[in-house]
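My questions all concern the structure below.
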Amino acid sequence: MSDSPIILKVEGLSKYFGGIKAIDNVDIDIRQGEIVALIGPNGAGKTTFFNCLTGIYTPTAGDIYLSDPRNGKTTRLNGKKPNKITEIGMARTFQNIRLFPTMSVLENVMIGRHCRTKALIFGAVFRNKATRIEETQIIERSYELLKKIGLHRQVNEEARNLSYGAQRRLEIGRALATDPFLLLLDEPAAGMNPKETEALVALIREICAEGHSILLIEHDMKLVMSLSDRIFVMDYGKKIAQGTPEEVRENPAVIKAYLGEDVDA
Amino acid sequence: MFPVKELKRSALTSLWFAFLTFPIMVVKVDPIERVVSWRWDNMFFIAFGSFVFSILAKVFIIQKERRASKKKQKTISEPLVQRIVREPRFLYPLALACFIFGISFPFLFSTYQTNIMTTALMYVVLGLGLNIVVGVAGLLDLGYVAFYAVGAYSYALLNYNFDMGFWTVLPIGGLLAALLGIILGFPVLRLRGDYLAIVTLGFGEIIRLVLENWNDFSQGPSGIANIPRPSFFGMDMTFAGGITYIYYIILVLVVLTIFVVNRLQNSRLGRAWLALREDEIACEAMGIDKTKTKLIAFSLGAFWAGFVGVIFAAKTTFVNPASFTFLESAIILSIVVLGGMGSIIGVVIGALILILLPEYLRALSEYRMLAFGAILVVMMVFKPGGIISNVRRNYKFKGLSVVEGKNNE
Amino acid sequence: MDYFIELLFAGLTRGSIYALIALGYTMVYGIIGLINFAHGEIYMIGAFTSFIVATVLSIYGFPLLAIVIIAAVAAAVWSSAYGFTVEKLAYRPLRKAPRLAPLISAIGMSIFLQNYVLLAQTSDFLPFPELIPEFAFMEPVAHIVGSSDMVILVTTAIVMIALTCLIKFTKIGKAMRATAQDKTMAVLVGVNVDRVISATFIIGSALAAIGGLLIASHIGQINFYIGFLAGIKAFTAAVLGGIGSIPGAVLGSLVLGLTESFATGYISSDYEDVFAFSLLVLILIFKPSGLLGKTETKKV
Amino acid sequence: MQSGLKKKLLVAAVSLGFAMAAPVAGMAADTIKLGVAGAQSGDLASYGLPTVKAAELVVAMYNAKGGINGKMIELLIEDDVCKPEVATNTATKLVTDGVHVVLGHICSGATKAALPIYKEAGVVVMSPSATNPDLTQSGDYPNFFRTIASDDAQAQTEVDFAINVIGAKKIAVIHDKGDYGKGLAEFAKKFIQESGKAEVVLFEGVTPGAVDYTAIVQKIKRKGADAVIFGGYHPEASKIVSMMKKKRLKITFISDDGVKDDTFIKVAGKNAEGVYASGPNDNSANPLSTAAIDAHKKEYNEDPGAFFENAYSAALALLNAIEKAGSTDMADIVKALQTETVATPVGNIHFDTRGDAVGVGFAMYVVKDGAYVEVK
C-alpha cells in the first residue's frame, strides 16, 4: 500500500476554542485504498478533527490537502465550505446520527446524489427529458446503494423509524451516494450489537474493495484492530502515536493514554 | 365521567380570570369628567364564561387522550381530508369539479362575490409563494409583504412614468421582486432562523418607509391613483367585465402556481429544501450548497409575491404604502401555518378561510379581529401542524420500476 | 456642543425606554427560544392598568406619592398575571410543537390582546396622569434632560443592576441560567423548568409594566395600540444587542435609541426607522449573533 | 392540480355570504338607494361612524315626509376600514346592489381607490371628510363632490395666519408621514415659500406611535423656528406640544382639522393652551346645525362625532339634488348639485364644477381655557 498515492495530507493542524487547544499540531496522511483508524480516549479531539477536515470548523492553523486519485488534482481545503469539500470527493457520517428523520430511506440517499446532479427551477417545472433521465438515474443509483447496505426492503420507511444500526448504515449509504473517494466514518459501530457490527465490518471491507479509502473514528478496538491498515492515536488534541495495529498496540504512550482501560476489549 | 377535582380547578380558573380581567374589563374611567364606572356585570360574564370554557376544554382534552390511547394499537387513521387528497381516484374528479366551479363562478354569483373571490385567490397565491420560503425551505420570513409592495409599485410606477401595460409589467414585477429577494437574501440568509425573521421584518418596514417618504419616486403616502385595469387585446371593458377578467387572470395564476409549486416540491430542488429544513449541517455535508438553495427558495417566493402585487395594483387601481404593513405579512404567514406548512391544499384552504371568513363576518365587525387572534392561538394549541399537515408525496419504490406514490404518513 | 448633548440625552432616554421592554424579550428568548410577540401588548396592558388605577386613585383624592406606588405595584401585578396566563395558555402546550407554531400563537395573542383592550376600554387616546412631577432642582437643565427623562434613566439603571444580581446570585436566577443552557440537564439536576419559565414571564412582564407606566407618563397619553411599535423596536434592540443576553438588551437599546436620535438630529427623522433597521441588518451581517451575543459553536 | 377540497368550503362560505347579502339586495327596485361607505370598524372607526348616524337621521327625516317623489330612501351601509383594497370591495358591493348615490368614503386613499368603480357605474359620490386636493383638482372624478374644504385651502389658511397674524419668519413644518398630514404639510411648505415672507427652516415627518419625540423637538429648537405648522392628527400633536413644553420650547404651534378635535384638548390638557388649529367654519349660529345636533342627541343620547355636520350636509345635498333633478341619473344629479343651493348645517352651499362645495371655508381656532374658540 505504501506506494499508492497520498490522497489526504494534513500538516500541523490546530484548532483552538478560546484558550482550549482541541487539536494541537496534528499531522496525518492517508493513501489511496487504505482503511485508517483514528482512535483516542473520549475528548481527545477526534470529532473536532473530522469537523476541521470537512469544513464545519475553520482550523486555527495548519493545512489540509485532498488529492483526487481519479485525476490527481490536489486542493487545499482550508476555508472551503463543507459542500465544496463533499463535491471534491470526501464524504462523512456523523457520530450522533444526522439523517433527515421525516424523509424516506430512499429520499435520504437521493439527497446524497444532489451534488452530482444539476436540475434546477427550469428542470423542476418543465420536467424536460434531461431532467427525467436524471431523476430516474438518481433513483436507480440510490436503490442500488440501498441494496448494498441492505436497506432496500425498508426503502419507503421514514428514516426515523429505522433501528439504530440501520440508521448508521443509512448514513454510510447516503455518504456513498455523493461518490466520494474518501469516506470519513465517525463511530460507525456505536450502539450496534455484535451481529450488526459484524455486518458493518463486511460492508466497510466491501466499500474499500470498490476503491474507496476510509478514515474512521471508533471505540470498538476489536473492530479497529481487525479492519485498519494503519492507526493514528490522539490524546488531549495531540497525535501521540501512529502505525500498524501491532505497533500501536505495543506503544507505551498509547497504553498510558488508555490507562486502566482494556486495550483489547 | 367528570371528576369533581376538575370542577374545582375550573372554579379556580374562573376566579383567576375574574381577577385577571378586573382592571380592564370592570373599571372604566373618564379622566376628563373624572368619573369611574364599575361594570361588575362584565366580571360575572368573564367568570362564568371562563368556567364553562375551561370545562369544555377539559372534556375535549380527556376525549382526545382517550382516542389517542385507543389508537395506539392501530396505526393512526388519517383524517378524511388527507385520505381524499392522497387518493387519485378521489382527487382528480374533485379537482376537476373545483376547476369547473371556479370557471363558472362569475356566472353563478354577483360581481361583488367575484371581486371578493379574486381577493381570496390572490392570497392563495401569496400563501403558496410564502409556503415555498417558510413551509418548504423553513426560512422564517416576516417581511414578505415587501415583495408584494415591489410588484404593486412596479406596475403603478412603470405605468405612470412609461405607460407600460399590465401584461408587460406582470413578468417584470415578478422579476424585480425576485431580484430584490436575491439582493436582500445574499447577506442575510446565513443568519440563524430567528435573526432572519427580525431582519426580514426590518426589511419589510424599510421598503414601506421608503415608499412613504420618497415622494419624488413613489408619490409618498397619498399613493398613485388611476392605475389601469388589464387590457384584453386593447378592448375596453365594462366595470363588471373588468372584474370578471381579473378573476380569470388570478384563477389561471392559482392553477399555474399550484402546478409549479407541486412540481418544485417533487424535484431535486424540493428535496434539498426539505432536507435543509430538517438538518442544515447534514445537508452541507451531503454537498448541498446551503446559500444557493436558500436563495433560490427566497427569490422564488419573492417572485410570486411580485406577481400578485402587479395584479393587486391592477385590481385596486390605486396603491399607497398603507396596504403593505407588517400585519399583512403576519396574515400571509398565518395562512401558511394555519393551512399546514408545506401542504399546498392546506395553504389554499387556509387562505380561503382567513380571507373569506372576515369578509362574511362583517356583521360581527367589531369582534372580527378579536376572533381572528383567538382563532390563531386556539388553532395552534390544538392543531399545531395546521389544518392539513404533511400531505407530501414521497418517492415510493416498487421493484425496479419507479412510481411516484404518496406519502406514508 | 449643546445640541450634541441634547441629542445624546434624547437618545439615552429613548434607549432606556426600549431597554425596559427589551429585557422581557431577551429573557424569554434566552430561556425558551421564543419571540414573544405578545410582549409589546403586555407592556400596553401594564400602561393601561397603571392609567386606570392612577386615575381612579386621583379621583378619590389620594396623594401623588401613594398614587405612583400603588399604580406601579398594580401594573406590575396585573402585567405579570397576564404574562403568566399567556404563557400557560398559548405557549406551554406548544413546547414540543414545530418551531413556528408558538410564533404564530404569539402573533395571534398579540392581536387578541390589542382588540381585547380596544373593546373593553376604548379606541380613543386617553390622557395619562402626570405621575412624575417636575422637580425644581432639575429646572436649570430641564431644556436638556427633564425630570421624567431622569427618572427613566435612573429606573432603567436600577432595574438592570437588580436583574443582573437576581440572575447571578439568587436561586431562581441560577435555575434560569441552567434552563437557558440546557433544559434536559436542568431537569436532571432538579430544576422545575415549568416554574422557571413562569418566573421568567412574570419578571419580564413586571419590567414591561414599569416601563409602561414611565413611558405613558413621559408622553402623557395612552391607547390600545402603543404596544405594537414599541414592541417591535424593543425586539429589534434585543436582537441588536444579542438576544438572550441581558446586558446585550440594554446595550442594544441604547445603541438603537442613540442612532435614532442622532439620525433625527443630524440627518432627518423621515428615515429614522430606516436607519434603525439598516443598523440592525449591518450589525447582524458582520456579527451574526448581535453585539453581546455568544457566538455559537455548532454542535456536530 | 391538487386544489382539492377548497371549493367545498367555498360553496359553504359563499352561500353564507349570500344569505347575508340577500335581504339588502332583494328590496324592491323603486326605492332610492343611498350608500354609506367608510371606516366603521378598526382604529379609524371613530371618523366613520358619525357619518352613518348623520345619514340615518337625514334619511329618517326624508322618509317621514314621504320620501322623494314618492320613493322611499333606503340605506346601504358598508365598511371599508379606510383601506384602499377593502374600499374597492365595498364599492363593488354597493354598485352590485344597485346604489344610486354614495355618501363617503371617509379617507382620501380609500376614496381614490373606490371612485373609478363608481365612475364607471355612473354613481355620484360625496365625501364629508376626504380632503386630498387631487380628488377634485385632477379632473379625473367628475362624479366626486365633498362638503369639506380641501387640504390646500386649509394649508393656505394656516400659512396666512402664521405669517400675517403671528408674524412668523422661520417656520418648521412637521407632519406625521401619513396621507393627510404629509399632503397638508407639503402645501404649507409650498405656500410659505411662495409668500416670500417667511422661510421653511425644517420640513420633516415624525413616526406616529414612536415612544418619544425629544429629538425632533430639539431639532426645531436648534433651527431657531418661531412657529411650527403640524400636519397630522391629534395624538402626535399632543405628544409634540407636551414635549415642547418639557424642553422649554415656547413657540407657536399651528395645526389642522385633525387636531381641531376636543380629544386633543382632553389629552394634551394644559399643554394644549394657546395651540392654534384650523377647522371648518363655526356653525354654532346656524339653526340647521343646532337642529341636527339636537336630533343626534335625541336619537343616540350622545354628542355627535367627527365630520358629523359635513356628513349631515352631504346627505342633505345629495337627496336635495335627486329631488330637484327628479332623476337618479348621474348627469342630472351633477347638474342639480352645481345649480341648486341647499341650506345645510355648514351653510348655504352649492358645488363648483370640480366638486368642491362653495360656501364652506376654514377658520382658525385657538385653545383658550380648555376649549377651542374662533380667532376673529
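Letters A, B, C and D mark the chains in the order given here, with residues in each chain numbered from 1 onward.
The criterion applied here is as follows: a residue touches a chain if its C-beta (ideal position, glycine included) is under 8 Å from a C-beta of that chain, and two chains touch if they have at least 3 such contacts.
None of these values were measured; they are calculated from a predicted model.
The most distant chain from chain B, with centres taken as the mean of CA atoms, is A. Pairs A-B and B-D differ in how many C-beta pairs touch across them, and the larger number is found at B-D. Closest to the middle of the protein, by Cα centroid, lies chain B. Here the spacing of chain A and chain B, counted between their Cα centres, is 42 Å.
Chain A and chain C, compared by their mean Cα positions, are separated by 48 Å.
Centres computed as Cα averages put chain B at a distance of 33 Å from chain D. A separation of 37 Å divides the Cα centre of chain C from that of chain D.
Shared interface positions of chain B, i.e. residues touching 2 or more other chains, are given as 31-32, 213, 281, 366, 369.
With touch defined as above, residues shared between interfaces to two or more other chains in chain C number as follows: 126-127, 270, 273, 298, 300. Multi-chain contact residues of chain D (touching two or more other chains): 177, 205, 266. Across the interface of their complex, chain A is touched by residues 260, 263-264, 267-272, 274-275, 278-279, 281-290, 296, 300, 390, 394-397, 400, 402, 405, 408-409 of chain B.
On the chain C side of its complex with chain B, the touching residues are 29, 33, 35, 45, 48-49, 51-53, 55-56, 59, 74, 78, 81-82, 85, 89-90, 93-94, 97-105, 107-117, 119-121, 126-127, 129, 232, 235-236, 239, 243, 270-271, 273-274, 276-278, 280-281, 284-285, 288-290, 296, 298, 300. Within the complex formed with chain B, the residues of chain D that make contact are 1-7, 9-11, 13-14, 16-18, 20-21, 25, 40-42, 79, 83-85, 88-89, 92-93, 95-97, 108-109, 112-113, 116-117, 120-121, 132, 134, 138, 140, 177-179, 182-183, 186, 205, 266. Every residue of chain A that touches chain B in the complex is listed here, in rising order: 54-56, 81-83, 86-87, 91-92, 94, 98-104, 106-107, 110-112, 114-117, 119-121, 123-125, 127, 131, 134-136, 138-140, 143, 155-158, 174-175, 177-178.
Taken together, the chain D residues at the contact with chain C in this complex read 43, 45-46, 177, 204-207, 209-216, 218-219, 221-222, 234-235, 238-239, 242-243, 246-249, 263, 266-269, 271.
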